[in-house]
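These notes open a run of structures that come right after.
Common to both upcoming complexes is chain A, partnered first by chain B, then by chain C.
Showing the complex of A and B:
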């Protein structure tokens, strides 16, 4: 068996984790960081927490205004250009991305520009190491910040050097998402984790995936236990949302590490292509196509997945030969439960989401080109099974 | 760019003053306990003469330095680690971490488990230094607070809890 696994990022999570930031930057040889934040972090005034964490460290830091949401816009290009001049003039030596996708993408683009020159932003590959980059996630979309890919000015960039050197998860920085978004992110992480656990040949990736599945499953169980609306008591609801949010940010960070490994995640590729047309959210689509993806390839680990999706007692009560089937049924059961809780609003199949085979076929070229999934027969089979929810063999 | 700002975060004066006082007390108490308490003396006896260790916060302190002189006597050597050749440096990753430790919201083992402590030097000597700190905190603090500061409150004799504690406290404040 041949496999490769690369995760160059250090993860630091927990109570008062942010207090360690100055020490960690110093350990990376940086003494003057520039902080890039997104609009949500800017509006919430999260840089105050950052200043508190740096107090007594003697480090000077630069704080940018909010990064534009669209990395392909003219505003984003202007934003990076102005920060590039600032970075060079004032002698900064590290970047801190505070927030979600917008902050991370702007920080990665700026890091390429300041480390290798602005012309490197138009090259296809980044071969040299970049300046230290720290990512401080605030939301459950953290996987966009921890991947090794970014996009700037309509130009996709991919390199192991684009992975952040340090990811710091501090509960003080969390901007809690609403329950619908939490549910979608839980499903996204769960689907990605399940697929990697069952189909990846790399044991380290499977170890990460098992943790992602456990974290996402625990968040999903909390979300489903109290109904889709959550507890009636506002304080209890806020407390529960914050707890689920923290769990999901950790799962999301780890999902980002796995998203940029060598093998593409088929359910993610299909989910992004299908959810991009706006008929159902990404996580929901991923969980709908996941059973078909798992059944499309032989896997010796599919049975073990049932252990992480259920309880040890339930796992032990099912014979080993039936555990793969039980794992797939457990995933299908999630969509059934969501369908029931939402009174039929959340679809169980792509057909219920309003898709037809012809419409799915029209996406095939996009999926092949964008994600490098080159086996058209398997792709057609997965889409056909996800369309009506039929199990393999029927 | 209009909205770009450069800030130099301030200093936490209250925390620093509190920690300077606490570390002075603890440093002096270690010196006193080494003469009064057999368990502390035993931990120091395993260290070579001239051995010095410090406890502080990254990057600008405060610190306390304690060491054995050439005759084997344990001494509190002040709060500047640059003045002495420090063989074992124990450092919290931030002053906030040291403040949490010395306001007893986190015990030493918990701080260590949460990766707040960095040690430069020998690990066995660091373990000995932590054991010394635990004993000294039991001497200095009332039982309910000491229980927060250490992992397990020890079962000591009445003499150790009363007479020895009084001697350690007296020597901490007035001893040399």
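Showing the complex of A and C:
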């Protein structure tokens, strides 16, 4: 079976990562970056940290105002247009996106315009390399910035050249999400990682997926250990949330890399379609549908997934023939635990989330068209099993 | 999971693998807008018919203005300059490198010259001298061991000035690595075992040494598992295409792991044995790997213990008490070497003194060991070793590996 795997981004993560930014830009041949930030980063004054990191580097940088949230809005078009002129006039040579989706999308659109000309923003394909692009994530939605896709003025664009060249994760830039969001992002990354580890034929994808599962499982364990509300002591809660957030940003960055591969992530496609209707958040839906997704296709790696969901000793104690079942049980157990800790507020099945089979069937064409899932029978079986939580064989 | 305070991870190479992966080359180059690749290879690869397989897989969708097959094993700046001239003269706009480390390093050197429109390779030595993307380069590895298709360095000799030039840059990473089992199908069993154990050493050292991180660990574990599962079956059945593909993928995964986490004393000693005694690199790695782990056991026992799971599998891991897992992992590698020795009709040696040259004489003499230890001390890989090393330490390890007896752990200076 043929597979391909491409992750065009270099990842730098950890304490004082930002201090390496000037060096990394220089290695890419850049010396005058323009920083595109989102509103949250702007309001938090995060560019001060960037200026500190650049002090003494001999580089100068330009800093934008906050990027509009909606990439299809008139304001976003104006924003990119004005930065395009500024970029050309002042001789910038690289882009740094600071924040989340809005900053990343604006930076990607601007990069197309400055590298290939504004007319390229309406083209279907991007073959040529663009100017160096660095992404500095601040939130656990970092996967939106590390993919190879973007959207501008109602026009979706996808190309490996749209991936950032460098992703730098520095704890000093984190804008800690609230605990509910942390929980859902942990579930999102966990589900995507589990699916790819179990079903991808590509060893490099499985290696990234294994890392994602371990990071997300660690964050989830911390979230569940202290109850969904977290420690009562506010300082302790803030410290713990910051640590979990930092772990999840790494998992989220890597999840974005895997979202950029050719094979669709079925749990993500279903999650986005179903969660988009607002009855439960994305990660919760993904973990609910995940067992059915994993059981829908033969997998030689499903048993090994149990290793990453448990511990080496727990994994090794289970006979190889039972490890696939143990992996699926471990995933189901997450939804059971959340149901219990939330006193029934977090659903275990799509039925408990208020969905019926008819309502799910009405989404099928959307899911197929949007995510390239071409096997309608399997899709129906997955949705039916996720509706009531029954295993595939029953 | 080992989480360092700070880590970096990078592999920008598009990895394309499968039984007919070579057929993807035209579309990969078309996506870059280029259609006139030069093929670089060596006489051995061409003589084995591998270049023909590549050109047939490409078909007539591309124009191949030049196939240059005279790259020597220890390539040189003169070769690079000559090939850059051919590239320009024939109007090429991309490079396909088919072969092992020397071919790929040469291809990287040629790519520097033609992309930078330069004629002096020296201007680009060291780290970070390249500041922009080079011309498209596609790597087709033929050995399933070195991992050079995913490394960002090139070493090119300058024999006239008796020096080796090192180049390091993300821009030296090939655009794509094509992993096709046809490229390793004709490797004889003992070379299959040596190259796979080269990859095993990359993965094990990357997992156990100082610069590891979660992503390099995950790549290393995938590589180890693939080698564990497929090496002996491929030696028993060289036509096992699925196994060949798995081993080639393992080599690439191990290459990614070590190029991000670095290697240590096993490679320092291995480079030295290879250069002084002209022993194939993979053979050195297979023999020296358990000794390197033994030497560092007191520093990284937990990491070595973790490796028992991918090496020996879950049943052995569960049956082995926690305190014994590290030594069991080392013993597993020794036992694996012994199995490979049997499976290859004793052509896979298990100690340095058993390495025999084509003339039937031993390649590594006991009298070579002091020089081997001295040379290893100057190897950059020593820097990444968990335990400090001096000449006496390296000599002690080399002597044990020569005899084929475990290290006397009481003699290791524990810093």
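Simple rule for what comes next: the second predicted complex is superposed on the first by the 393 of 394 C-alpha atoms of A that agree within 3 Å, B and C clash if a C-alpha of one lies under 4 Å from a C-alpha of the other, contacts with A are read in each partner's own complex, and residues count from 1 in each chain.
The rule is simple: contacts are C-beta pairs under 8 Å (C-beta built on N, C-alpha and C of every residue); 3 or more make two chains touch, one makes a residue touch a chain.
The structure displayed is predicted, hence computed values, not measured ones.
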Touched partner set for A:28, first chain B, second chain C, both or neither: second
First (chain B), second (chain C), both or neither touched by A:119: neither
Touched partner set for A:178, first chain B, second chain C, both or neither: neither
Chain B versus chain C as contact partner of A:358, first or second or both or neither: neither
Which superposed partner A:232 touches (first chain B, second chain C, both, neither): neither
Chain B versus chain C as contact partner of A:90, first or second or both or neither: first
A:64 touches, of chain B and chain C: first, second, both or neither? first
Residue contacts with chain A in the superposition, chain B compared against chain C: C
Chain B versus chain C as contact partner of A:53, first or second or both or neither: first
Contacts on chain A seen with chain B and repeated with chain C across the two complexes: 12, 14-16, 20, 26
Chain B residues within the chain A interface of the complex: 1-12, 15-16, 57-60, 93-97, 100, 114-116, 118
Touch list for chain A against partner chain B, complex: 12, 14-16, 19-20, 22-24, 26, 51-66, 79, 82-83, 86, 90
For the chain A and chain C complex, residues of the former touching the latter: 1-17, 20, 26-29, 127-129, 160, 202-204, 206-208, 210-211, 214-215, 218, 254, 307, 312-313, 315-318, 320, 323
Complex contacts: residues of chain C adjacent to chain A: 1, 4-21, 24, 31-33, 128, 131-133, 169-170, 214-215, 217-219, 221-223, 226, 249-250, 252-253, 256, 306, 309, 314-315, 317-318
